[in-house]
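Okay, here's the structure, questions in a sec.
Per-chain numbering from 1; labels A, B, C and D assigned in written order.
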Amino acid sequence: MEINGIEIEDTYAEAFPIKIARVLITGATKHWALVAATEATGFGTSVIACPAEAGIEKVVCGSETPDGRPGVYVQICTFGYKGLEEQLMNRLGQCVLTAPTAHMYNGLPDAQKQFDTGFKLKFFGDGQEFELDVGGRKAFGIPMMEGDFITEHSIGAVEGIAGGNFFMLAENKMAALTAAEAAVDAIAEVEGVITPFPGGIVASGSKVGANTYSFMHATSNEKFSPSIKDKVEGSNVPADVNGIYEIVINGLNEKVISEATRAGIEAAIQIPGMKKISAGNFGGTLGPYKFKLHDIMK
Amino acid sequence: MEINGIEIEDTYAEAFPIKIARVLITGATKHWALVAATEATGFGTSVIACPAEAGIEKVVCGSETPDGRPGVYVQICTFGYKGLEEQLMNRLGQCVLTAPTAHMYNGLPDAQKQFDTGFKLKFFGDGQEFELDVGGRKAFGIPMMEGDFITEHSIGAVEGIAGGNFFMLAENKMAALTAAEAAVDAIAEVEGVITPFPGGIVASGSKVGANTYSFMHATSNEKFSPSIKDKVEGSNVPADVNGIYEIVINGLNEKVISEATRAGIEAAIQIPGMKKISAGNFGGTLGPYKFKLHDIMK
Amino acid sequence: MEINGIEIEDTYAEAFPIKIARVLITGATKHWALVAATEATGFGTSVIACPAEAGIEKVVCGSETPDGRPGVYVQICTFGYKGLEEQLMNRLGQCVLTAPTAHMYNGLPDAQKQFDTGFKLKFFGDGQEFELDVGGRKAFGIPMMEGDFITEHSIGAVEGIAGGNFFMLAENKMAALTAAEAAVDAIAEVEGVITPFPGGIVASGSKVGANTYSFMHATSNEKFSPSIKDKVEGSNVPADVNGIYEIVINGLNEKVISEATRAGIEAAIQIPGMKKISAGNFGGTLGPYKFKLHDIMK
Amino acid sequence: MEINGIEIEDTYAEAFPIKIARVLITGATKHWALVAATEATGFGTSVIACPAEAGIEKVVCGSETPDGRPGVYVQICTFGYKGLEEQLMNRLGQCVLTAPTAHMYNGLPDAQKQFDTGFKLKFFGDGQEFELDVGGRKAFGIPMMEGDFITEHSIGAVEGIAGGNFFMLAENKMAALTAAEAAVDAIAEVEGVITPFPGGIVASGSKVGANTYSFMHATSNEKFSPSIKDKVEGSNVPADVNGIYEIVINGLNEKVISEATRAGIEAAIQIPGMKKISAGNFGGTLGPYKFKLHDIMK
């Protein structure tokens, strides 16, 4: 399959279930909402060695938030609900409650699973806290240095999907990277997904296990490494490709990940120097979800 | 003491020792170096419930880095060296190795304490990695999707200081916040320090322990809470103050924290609506370092 | 009238007709589209002494542009069509054609008034230019250093409105400014309008003519100047107000300016320290359009 | 000559005299100083059809400005002093006086040529203005909506140089553009220079006159146009080059332009996909200044 002269490989992204909490962080201005959201979702690329996968989903204006101020939806993801509750307490308590002008609301008020993170944070108020209603939401006010911090009682979570992905193969590194940046911009417009890696982009695709160092659980995917394409038997790097980036997508359900994949690929293939789109899978052994590129792009 | 018509309270910031590792992250452009540095230092405001305190120290141009590319110095801080090594492995392995165009170098090459984080990361190369010299530094190249990731062998660390601080008390929240933003800008010019909270600013000053909820280790400092100043006996909030922000400073030694405190206060007191500068301490029970505002500002 | 505890004065903004051209600038990424748009709309606050009033209207993603790349709508405004054509030639020829990866399309393809700016720019191709169709639009490709610059044949214009406005009066400067920033963020979500002043905000409201210097056509509005409120007879600055900012809004028609005014005021009154909303008029002598705050906010 | 495997062509940039005024714009924060500076220097790429060439030179912190606030140096350039005075009045009066929290100071207080722009702007105060001293500088305060606007009496200017330049030729557009971005970042560290084009970068190198359209004074330089390299006789585009960007540098004297050229080239040649550095001249017919790449890079 070819679009815009770029080959779309007949392959699929393999993805797996993850628990996702969704939080709406508001601020006095869009800038301050983003400051809190950025801190709260940092150190959150991969659960391999980060305490959670986390990212900014979308920015909304005051007409779409309970308190009439601009806001940012973020997602925080872990494999289990126990770890997720801990991450909510720590990330929201340390990075949102402490952030200038930030307040926090439930990003999934209709989900079955609800954590009482706001209720637990209220004890920081040491008896001075109070209950209030914000746009129909049960919330607490905690007097602190800047004034009152507002937090909704609960934060909802669902079982979503992690590891949606696609690869951009290009003539060189900068063309691949610009394609990745354009793809991340486009995916940012899709509701319900995040791209948790730095700037939304992965520079280091990995394989499960290792050929040489048996003590490693994951190592660089040498078959997608351009600098050694001539040394590695069975390399998947075409002769005219010298730079590859991957975008990893987490999201609330299969539909939004498909939409994000499509939006990302459509943006990436506009970039001069792009050669091919591929995706990462483990032969179906890792995850139950398959996102077939040809189905998504047809 | 009064400067620019603003009262500088005769008090001191109380600070304590912490272990600090310093890393230089370079990128193809300043933008991409900052993307990696931001992800690697996120979720890093306070060791109370973050796995580390972390922040961006300064941006440098290519003439000041081993590989001739623009770079960003970051600091990562924990109480012990064991936890610090783990944070280096996880934050650098997950947020710098994975970041587009980012490479990493030792930010304290002359420190006695050195972690072989780069050496350990090289195993991700699964036998395809190679040793090289970058501007006189011993480094490894790891072939991956984008090309070769470069990491210096070691990352140095020292015993530094956490918890330097000062408070900005203002007529309202926005005046206090603009003062804090101006202070953070000014502190960013001081070598050797970070301001680890969101946007460099703390909205929620705390006290040790609790009056009401004995199970809490730290709670909101009600004596510096403007919204309840009329209800709290012994409130430290003046009648004309309705917003307070704190800046917390970590740094390599006492000298740089003093410099940063001075630079921050000098910037903050330029802002219309500012009323007073104070600082936080625990009566000398918590930390061995005292930063007296009157000594610093004289 | 009071909303959120803030007085909305019973007054109106007086506005006048202006000619508005609307251009869609696309780029390889959102960043590069914004770089071109920012340069093309600079030095464009007021036709009093700028060659045009100009600003960024909104950012759109690739699915909404003729070439599938992210884009930015800008408006360029002058009193007459002759001056407008000159501004289009100069601003687009010097700041978009020259900008990295930028292409330009008609932002008002259905308007009656059309300038053949793209046709005229093609002569820069010196005979090497070619005609092409981009998403159903007649366009030209001009070979240059970066590759081919693409410009649509025509740029449309309409008679719109300049000078929609409102004032934010606050306890101090920083509170008023944060309110203005929040208002500009909110107005950015309204289609069809721009806020042409620096950062969207006016620090210097003016009156027509002068009391003292008769050679001046416009001077500072001393009745809205907080620092001299006690010296000026008939000052409109309340006792508790020490900072005022104005937002000026240009737009395609009365409806979008009303919407923008409402969105801006709703955002501004969320900010702590805000005291009052007002608006600027000249007693109906200057312009035929009146935007009554009480009608807009009811 | 080859550096880092990239050919540096044995050629020179040809540059010519221009009048340069230098202004220091301060703000409550770095952000607000940049907002004013960006507006004041927009629509300022080339005097061919912009009213001036203009750009941001550097950001300084409060310890380096007369009023203790962060600031931004900008340069505004025209061929004659008469046009320069008009541009100062219009750009500073419309884009700095009107900008939130911005004040303006003389960026060349020791220059022989001084314009009394600040003195003239004071008449906007309509008799309410006052004289004051700011850090030893004679200044005026003008009461307006936000409070008092401060402007120094005079703005200095010198005869400087416009048109310093170099070209980055790369395998494709994105590699060339990333090289250009890295170069602009590096040049931003050099005191005394600006890169006036959008984002500091020129996408459209031109030649004097035309081959086909004799009514055009400047047209695209077809010999440096990659998309038609196979059609144009005597094309200077190598077979392996498909994207070229130029950086144009204005500056106070030959020394700073040489330094900026060197810093920019050193940064650009770090980028993967870069093939060659060249420069633009007109055979010595246009300007008296020659910047030989081999001299600068040796």
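By our rule, a contact is a pair of C-beta atoms (placed from the backbone, for glycine too) under 8 Å apart; a residue touches a chain by one contact, two chains touch by 3 or more.
Just so it is clear, the structure is predicted and the values come from calculations on it, not from any experiment.
Engineer: Which pair, A-B or B-C, has more C-beta contacts?
Structural biologist: More C-beta contacts join the chains of A-B.
Engineer: With chain centres defined as mean CA positions, report which chain is farthest from chain A.
Structural biologist: D
Engineer: When the centre of a chain is set as the mean of its C-alpha atoms, what distance in Å lies between chain B and chain D?
Structural biologist: 34
Engineer: For chain A and chain B, let me know how many angstrom lie between their CA-based centres, rounded off.
Structural biologist: Distance between chain centres, rounded to whole Å: 25 Å.
Engineer: How many Å are there between the centre of chain B and the centre of chain C, using C-alpha atoms for each centre?
Structural biologist: Result: the chain centres lie 39 Å from each other.
Engineer: Give me the residue numbers in chain A that touch at least two other chains, ranges are fine.
Structural biologist: Residues 28, 147, 173-174, 177-178, 242-243, 271-272 of chain A touch two or more partner chains.
Engineer: Would you tell me which residues of chain B are touching chain D in their complex?
Structural biologist: Result: residues 28-31, 61-63, 67-70, 147, 178, 181-182, 185-186, 189, 263, 266-267, 270-272 of chain B touch chain D.
Engineer: Mind pulling up the chain C residues that touch chain B in the complex?
Structural biologist: Those residues of chain C that touch chain B are 170-175, 177-179, 242-243, 271-273.
Engineer: Which of the residues in chain C come into contact with chain D in the complex?
Structural biologist: Interface residues on chain C, with respect to chain D: 28, 32, 35-36, 38-46, 48-51, 54, 89-91, 93-102, 123-128, 142-149, 167, 173-174, 176-177, 180, 197-199, 201-206, 210-213, 215-216, 218-222, 224-228, 231-232, 242-246.
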